[in-house]
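Letters are used for the chains, namely A, B and C, taken in the order the chains are written, and counting of residues starts over at 1 for each.
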Amino acid sequence: MPHINLYYKDENPSPLTLVWRRFNQRLLSMTALYILLAMILVVIFSPILAPYSTSMQFADAVSLPPSWTEQGNIQFLMGTDDLGRDMLSRLLIGSIYSLGLPILMVAVSSIIGMVVGAVLGIDRTIKYQTFSRVFDTLLSIPSFLMALIIIAILGTGLFNVALAITLSLIPQFIFVTRNAVHQEWHKDYVTASRLNGCSKPYLLYRVILPNITPILVMQLTVSLSVAIMDIAALSFLGLGIQSPTPEWGSMLARSLDEVYLSPWSMVLPGVTLFVTIMSINIVGDSLRRALSERVNS
Amino acid sequence: MQLLDIRNLTVEMKTPHGIVRVLDKVNLQLGKGEIHSLVGESGSGKSLLAKAIVGFANPNWEVTADRLWWNGQDLLAMNTKQRRAVTGRDMAMIFQDPYSYLDPNSTIEQQIVEAIPEGDVRGTFMRRRVDRKTRVKRLLHRVGIRDHESVIDSYPFELSQGVAQKVSIAIAIAHRPRLLIADEPTTAMEPSTKLQIHRLLARLAASQEMSVLLISQDLTSILPETKQLTLLYCGQLMETGPAEEVINHPAHPYTDSMLRMSLQTQQELPHKARLPTLPGAIPTLRHMPIGCRLGPRCPYAQKQCVKAPLATQKQQRVFHCHFPLLELES
Amino acid sequence: MSHLLEVKNLGKTYRPRKAWPWSQKSVAIEPISFHIDAGETLAVMGETGSGKSTLAKIIAGVDNPSSGELWLNGQKLHNQHYQQRCNNIRMIFQDSENSLNTHLTLRKQLEEPLKFNTDLTAQERNEKVDIALRRVGMLTEHGEFYPHMLSSGQKQRVCIARAIILEPQIVVADEALVGLDPSVRAQIINLMLDLQQDMGISYILVTHSPQIVKHIADKILILYRGKMIVFDKTDIVLSDDQQPYVHQLLHDHLNKQIKFKSDKAKKIAD
């Protein structure tokens, strides 16, 4: 049934609704968002979706090309690798480590970073300022290098890698949150709320947070793509998740040896990684654009 | 001949809610060396008119006019490049906030030097340098900054609001424009600073043969030297004519109430008495009334006001109202 | 009988940025004392940088004074004790655009002071907000609006509603009438006068418009580089033109007026 508006009604969308509407207008950003959501669904349901176990080796189907080529077999939709393992299953399960794990790491580091950053943003005493500067120095080390250093101390392994990347992401969140909170703190509307007698948690959570959400969401998307890149790069170098575990980066590293014989074993994880990071970046960029349009209008 | 001659200028703006006419058949004539005040509240389209004159392009606007002549040349018939050449040579503009207009990262001297046309300085490299310096000093003197030494090397944030505005005027008049558009140059300034800037603009108009189009929010903060006065409301021309006559014998209810609202004209009002004012608020772009846009707020409004009134001319004055306050001798 | 607000030896010094801890502090306000009674309007005037905004901020509680005390009805006001202060002294800011939270509806913003300073239930709070909105000449439906839907005049009205919702005794207005359209400014002045009459509010008005001062102020306080040079009743200050600085601030602009006579004696509706 078509929606008919009989009465003239002044609608009054909230600022966040306005941002969503602008975001919604662009085909590219919506496509990227849907791809990202599909990827996350895959992460959640991959154990059900995967046709085979990741370690099951099919001796009669070693280095089988994808099913759409002439030598392909419909049993193995995306072919098999040099040990006869199903590529599709490995890619699906790999998404847990390559996308699911980064999401978890970003979630943990963002919560820690935002809380610390908010406290540092409000409190300008010497004690907290010293903390602030320490975190600023940490920021001068690239997050990947910092993850490398932490791994060098802790050793490789799934948990250590996750811990290393989580720790290396925290300073950025602290920096962004602290600056955003500090900037808002001196604006008139916060002063007005302060004079209303609001408690500090209320000020942070209800007054300042909605106004800096855009900045934080953008930092989240940036950090997510950095985390994905870092975990893939570490695994590629053999420092991260170890070989039998089907991580996209380690799959890329394995495929280097037989890239001439079975190019699909390199192209498929590479393309997946590319599409994931691309869609995250587009979502972040469109968000920024939608926000700046709101500011201009 | 008029320097600037605008007839029936209409600007239509594309908004998400359809096309809105933000300037509705506005006329404006400006003679050489004249001070013309353009008065209107926010949303009246006064800044838009200035932008239309200097050719500020925006893909969401459509500018049409029966006539938009500058010094006998049709501005609308020119292409962008020609128009820019004319605007750049003959016009200059100053704005409300001098700090956002000046470059915060270079000194005042650098900024004024930049504004001096290349053709003005001749000779060898060293000659040109010295020449530029003296020109900067002369410009600063001209805008009433006597203490040029301290100003020349400062950055904009080191200057007070009044001095910064004077510097922006110096930059504007560096290429000797024939029209200076001042877009609310004194809003939010202290009264004494405001007075200084006003005196400066009047002096420049008198001595430089430069016309000034002064845009202002308040009818009582216009220059005493103003020759012509134009009142806009919501994109419609309310009244225009010689300033003294318009202020002393307003024909349009809007002019009349604008004068009454001001404390400056209400000297006999008892202490803490309520001020006369127009009821209601300025309509937003989406809710423009039809006909005379003042209609819903006008104390004299009647049934006819849903139709836009035609222009009534009486000697040099023109006003758009069905029920003018002036007796019309037929 | 004690005054409504007594300011005793209030002073403010700043440490300039990048200065050494032992270097001399710059003085924003030298110790000043004055008082206001209920229902009075005090106008604070002075050049830019004379400390008039700082004084307003200290009285409203945004800043802390470096020295001196504030006494309200014989009670001492404590710094950073917002609940004590905001039931009695409220502030209206210069820039109504920035003093409203863009992400909250007006109702939520007006509820804020009630939530933290009263024991009212949600329904009572709603009623209070409705009353406050109507009192400043807006509709109760405006409560569901976000600030970006309002005109600048309406925003200033909401700021006033927020200031009066706790029924304070003093409202500090820091340049609250600058930059408003003439018709809106006249409306806001009328609104402030009405509220003063109905609720007996005292205003501390920081402004540089001599006309407004002359019209609505009962007392005038003039600051010059942090020093209080005049504090007296309006008519006394206006009739005495001995001091050149006062002359420059007030008399110069009041004498220059536009002569205006309308032919018709019809009155414009208020």
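Basically, contacts are C-beta pairs under 8 Å (C-beta built on N, C-alpha and C of every residue); 3 or more make two chains touch, one makes a residue touch a chain.
Being a predicted model, the structure only gives us computed values, none of them experimental.
Removal of subunit A from consideration leaves all other chains as one piece through touching.
Summarising the inter-chain layout, the chain whose CA centre lies farthest from the centre of subunit C is A.
Note on chain placement: the centre of subunit B and the centre of subunit C lie 31 Å apart, centres being C-alpha means. Separating the centre of subunit A from that of subunit C, both taken as means of CA atoms, is a distance of 48 Å.
With centres defined as mean CA coordinates, subunit B is found 52 Å away from subunit A.
Of all residues in subunit C, those touching subunit A in their complex are 60-62, 82-83, 85-86, 90-91, 93, 95, 98-105, 112-113, 116-117, 144-146, 148-149, 159, 162. For subunit B in complex with subunit C, the touching residues are 41-42, 160-161, 187-188, 190-192, 195, 217-220, 247-250, 253, 256-265, 267, 269, 271-272, 274-279, 281-282, 284, 299-300, 325-327. Within the complex formed with subunit B, the residues of subunit C that make contact are 47-48, 151-154, 178-179, 181-187, 189-190, 193-194, 196, 208-212, 214-216, 234, 248-249, 252-253, 257-264, 266-270. Put simply, subunit A touches subunit C in their complex at residues 12-16, 187-189, 191-199, 202, 206-207, 210-211.
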